[in-house]
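Read through the structures below before going on.
Two complexes follow with subunit A in common, the first pairing it with subunit B and the second with subunit C.
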Partner chain A sequence: MYAKVRSAAVYGLESYQVEVEVDISSGLPNFIIVGLPDTAIQESRERVRSSIINSELEFPLKRIVVNLAPADIRKEGPSFDLPIALGILKATGQIKTNLIKDYLILGELSLDGKLRKVDGTLPISLQAKEKGVKGIVLPAQNALEAAIVNGLEVKPVNHLREALEFFNGEKEINSVQFNLESIFSGNIQYELDFSEVKGQEHVKRALEVAASGGHNVLMIGPPGSGKTMLAQRLPTILPDLSLEESIEVTKIYSVAGLLPHNSPLVMRRPFRSPHHTISVAGLAGGGQYPRPGEISLSHQGVLFLDEFPEFPKNALQVLRQPLEDGKVTISRVSTSITYPAMFTLIGAMNPCPCGYFGDRLRECLCSPSKINQYRGKISGPLMDRIDIHVEVPRLTKEELTRASEGELSKEIKERVEKARRIQRERFKGLKITCNAQMKPKQIKNFCRLTLDACNLLEKAIEELRLSARSYDKILKVSRTIADLDEKEVIEIGHIAEAIQYRSLDRNLWV
Partner chain B sequence: MSDEKYWLGCKLIPEIDKKIWFLLDIFKEPQIIWKAGQKDLAKTNLFDDNSIEKIIRRRKEIDLSFELKKLKEEKIGILTLSDPQYPKLLKEIPYPPPLLFYQGDLIKKYEYGVAIVGSRRATLHGKVIAEEIATELSSVGVTIVSGLARGIDTSAHQGALKEKGKTIGVLGCGIDIIYPRENKKLYREIAEKGSLVTEFLAGIPPFQQNFPRRNRIISGLSLGVLVIEAGEKSGALITASFALDQNREVMAIPGSIKNKLSAGPNNLIKQGACLVKDASDVLENLGLKSLVSFLKEKKLRDKEPIQLQPFEQKILDFLGEETKNIDEILRSFSEDPSFVLSQLTMLELKGYIRQAPGKNYIRTNYNEQ
Partner chain C sequence: MSIGRAGEKIAAQFLLSKGYKILTQNFRHSKLGEIDIVAEKKGVLIFCEVKTRKDKKFGQPFEAVTLKKQKTIKKIAQIYLQKHGRRGKDIRFDVISLILSLDDNPEELIHIENAFS
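Right after this comes the complex of A and B.
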């Protein structure tokens, strides 16, 4: 008695089909799973047995062999519970029709036969559609997520018994539909808004420039100056995600099992702020069965690293490749996995170890060498990928109460979107989409300056003792400022503003 | 001078160095000290037998010509008390250093200068003043003497280097040791354009007790000492009291009574130090009348007609005499932050304002009459 059920598994962000073969033969009662299963799958035997029995179905007292093919890839997770159970039911003739071969089946079982949600549904459904599978049977909680893929029959089930009845033709299950367009036409709301931040207008402006040109930002300020508050609001002025971007982000969250239960599609730009004790694998992704790390979870969004210099050195080093390529590759002996990781990095740090260097109200107790040492924890190559430095001073209570309400995120966003459109137009046919990604040659091509502006930049480099590294950064940032101003050529005012965003290059610090 | 090596020899033996003044009184010449026999040394009653033995042993070990050659190779110059190029002002003080190690040739033709000293933890305000006064004084040819410490000292040297670069840094350690370390670049620049001077042997670390000794050289080299920002127990006050002992002028920049760092200069003024507010005051106090008018003319001549935009003038007016934070500035103008930020850069490049850590801005005195 042999049966075959189609299922699928995820490796990285890609899905591959798995055939669950069940063979029942006479012999001593036994239940074996082969095909490189992990512990969760081994334990699946107990769940499958109990749930079949508790669903008032018959569990054969025979020798059962389950093979997960292809047999040479390691498989993990409890999502094979349902296919194994249905395979056994089919092999014992409790499922009478051949309907089962048209569907791909996923689901974790609980001991009473109820179904629980599984991870990675979206990549699996996308791949199923590609392979021409007719439909997919899966736990009801995952149904909406799978329904994002158009042209796939999505059959939600709540109980093993329900699945059995469906495959026996005793019960109709309506396919779940999901109207992408209607969801996407609505405006996306954030709980936070820039208007809630009082004062700090220059930081808001710096973040507006950063959002427009895709620049990474380093915020420097004493404790309690509002760095986190400001960073959290950056996603609210970034342009809305397109459908493709949204699906890409959802895939990552689906695989990581972090999709919010009420919304199947991630439509807001993610904001992640891992603590500085994070491990390298936690940040970049990895593990025995690789999972996306924080940098991938902030794909198309914002990665906020508070206490930037306190992050382990090797964790910060790991950021370098993704910041350059927009993806991270995790290599294992047998294969390597690539996760997308295109994010805006916002680092926040204190100006010195005690935190009050340059503060108006409290004296700093650090020696210049200590300050240099603290700043030196961020390596040069990493600093090279940060275009904007902005100091966030602490405001007095009095100043906070006097400050007026700020501008709404919505208004800032409109300007950002306009600047982004100009950039997309400019970089048509090139591999880049925003100013921050320009390579030296492209900077030369696209950053044309008026004579005044050119003179000013030279004077500034000389007189303000800016490092050579600054030169290209100032050009890139001033390109974005000019775009916000809708100017073709970079003018003197644009350069002058950009110079304000290079605090750390100045010798103000000792 | 051929007695150079004997001066160096006396310096190299700590037992002699410590008592060099008594020994010079007795023996008059370093050469005679160096060649004095056991009996002569014993007769001075300055040493016990143990020390005499040590001195004689050490004298045999030291090869003076070799030591001189070593200094030459390391490009360290020496000036001895008997050298005609030894600074005249310094010679006048009680117990002048018998031997000075130096780098940079300024000290050899040095005539007179002004010491600018102050707190290591100076405020931006103090630093800007130190730098400006140093720049103006040095623009009329006055040498700036200071101690290369953090804060005011550093700003004074930097201010001087901006103009003709006549500045002397007096160290509290061996000439080969850079302290504080962040001043490495400044050390090199001073050695090139001015002079680094110390009485300590190469390799001596900056011990705490070295600094008062150094301070007597700072004041000794100068016509007067200007104190800008000093706490109540600051080393700058030690320099000022040396200046009094050495019959030199003491000047101070007053400050708010609420500022801890103004306590030093304010107290000095209370005790009778000259209150000064700018470079002309300093020159006037030192009796350098001709330089006062020279400075005035020069300022008039050099003043480039830089045109200020109306808005730039508004920002300057708003800044006034205080340090203001970026947030205060942005709040008080209704213009776009981007515009104000670019105007601030312009003002900074034109030299009207300075930026300090924490995005604080301060007005400079450039262009003021």
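Right after this comes the complex of A and C.
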């Protein structure tokens, strides 16, 4: 007695189909699973057995062999529970129709036959649609996520019995529908707003520039000056995610199992702030079965690294390639996996180990060599990829007690969106979308300066002894500032502001 | 007579009626234990384990043939083969599962051919 059930698994962000074959033959009762299953799948034997018996169905006292094909790819996770159970029911004749072959089946079983949610539903249903599968049967908690894909019958089930009744034609299950347009027409709300931050106007301006041009930022300031507060509010001024971007981000969260069950689509730009004890694998992604790391979880959003120099040196080095390419590749012996990782990096650091170098009120206790060592933890090549450095000084008493509210995030966001539109227009047909991604040749093409702006830049390079590296950064940032100003040619004011954002190059600090 | 012995007798009769030739009953190895029935049919040597019970309170009798028991039977079978010079022959392990009524009459008999290997 043989039965075949279709299922699927995820590797990286890609999904592949898995055929669950069940063969039941006479012999002493035995239940084996082959096809490179991991521990979670081996344990599924116990879940399948108990849930079938507890659903008042018959579990055959025979030799059961389950094969997960293709047999040469390692399978993981509990999502094969339901297909295996249904395969057994089909092979023993408890499922009487052939309806089962039209559907892709996913789901983890609990011992009483109830279904639990599984990870990676979105990539699986996207691929199922591509392969022309008619529908997908899965735990009810995952239904909305799968329904993002149009043209796929999504049948939610809560219990093994319900699935059995559906495949026996005894029960109709309504397909879950999901209206993408209606969800995308609504405005996205954030709990945070820039108006809550007092003072620090120049930092807000720097973040506005960063949001407009996609530049990475390093904030330097003493403890308690508001670096974290400012960074947390950056997503509120970034332009809204487009549908494609949103689906891309949702895929990552789906695979990582981090989707909130009430909202199947990630609509807000992610903000991730991992602790500085994070490992390389935690940041970049990895593990025996590779999982997306923090940089991929902040795809299309903000990665905030507080206490920047305290991060392990190799963890910071790992950021270099993703910052350049917008993706990260994790290599394994058999395959390699690529996760997208296009994020805005916001680093925050103290000016010195004690935190009070250059402070107006407290004296710094650090020796110059200590300060140098602290700064040296962030390597040159990484520094290269950070366009904007901005000091976040301690607020004065007057600034703290001043009653006036700052500008609303909404107003800043409007300017940012305008600047982004100009950039999209400019880079049409090129592979880049914002100023921060410009290559040297494109900088030459797109960054035209007025005469006095040119003079100022030359003078600045000379007097401040700026490097060639800084020169490019200044041009890129000034391009963004000019876009915010809606100017075609970069003017002296734009250049002057951009020079302000190179404080670490100006060596004012040491 | 114990239930086990009674069951083995009934099982042997059942095999005979099916055209099997009984070669040995209760082939013992002093340390390992014994094989209930060794039989032959169409050139295939059959080692048969008989499990007998009075009721199904603890499940089917054949469920009690655990992996450990199976290993033991295989070992004894090897010793049987050495002694009787039957190498090169096809062999098979069967299980006969019996439920007896209170007066030792068979109520249910399940013969699992090629139960394990």
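Of note:
Here, the second predicted complex is superposed on the first by the 506 of 510 C-alpha atoms of A that agree within 3 Å, B and C clash if a C-alpha of one lies under 4 Å from a C-alpha of the other, contacts with A are read in each partner's own complex, and residues count from 1 in each chain.
In this text, contacts are C-beta pairs under 8 Å (C-beta built on N, C-alpha and C of every residue); 3 or more make two chains touch, one makes a residue touch a chain.
None of these values were measured; they are calculated from a predicted model.
Look at A:Glu391: by the touch rule set out above, it reaches subunit B but stays clear of subunit C. Using the contact criterion defined above for the overlaid structures, shared-chain residue A:Ile481 touches subunit B, although it does not reach subunit C. When the two complexes are overlaid on their common chain A, residue A:Gly27 makes contact with subunit C while staying clear of subunit B.
Comparing subunit B with subunit C, more residues of subunit A are touched by B.
By the touch criterion defined above, A:Tyr289 lies against neither subunit B nor subunit C after alignment on the C-alpha atoms of chain A. By the touch criterion defined above, A:Leu61 lies against subunit C but remains apart from subunit B after alignment on the C-alpha atoms of chain A. In the superposition on chain A, the residues of subunit A contacted by subunit B and by subunit C do not overlap at all.
For subunit C in complex with subunit A, the residues that touch the partner chain are 60, 62-63, 65, 70, 95, 112-116. Per the touch definition, subunit A reaches subunit B in the complex via residues 199-202, 204-205, 221-222, 351, 357-360, 363, 367-369, 372, 391, 393, 395, 399, 402-404, 456, 459-460, 463-464, 481, 484, 492-494, 496-497, 499-500, 503, 506, 508-510.
Residues 121, 150, 180-182, 323, 325-328, 330-331, 336-339, 341-346, 348-349, 355-360 of subunit B touch subunit A in their complex. Subunit A contributes residues 26-30, 61 to its touches with subunit C in the complex.
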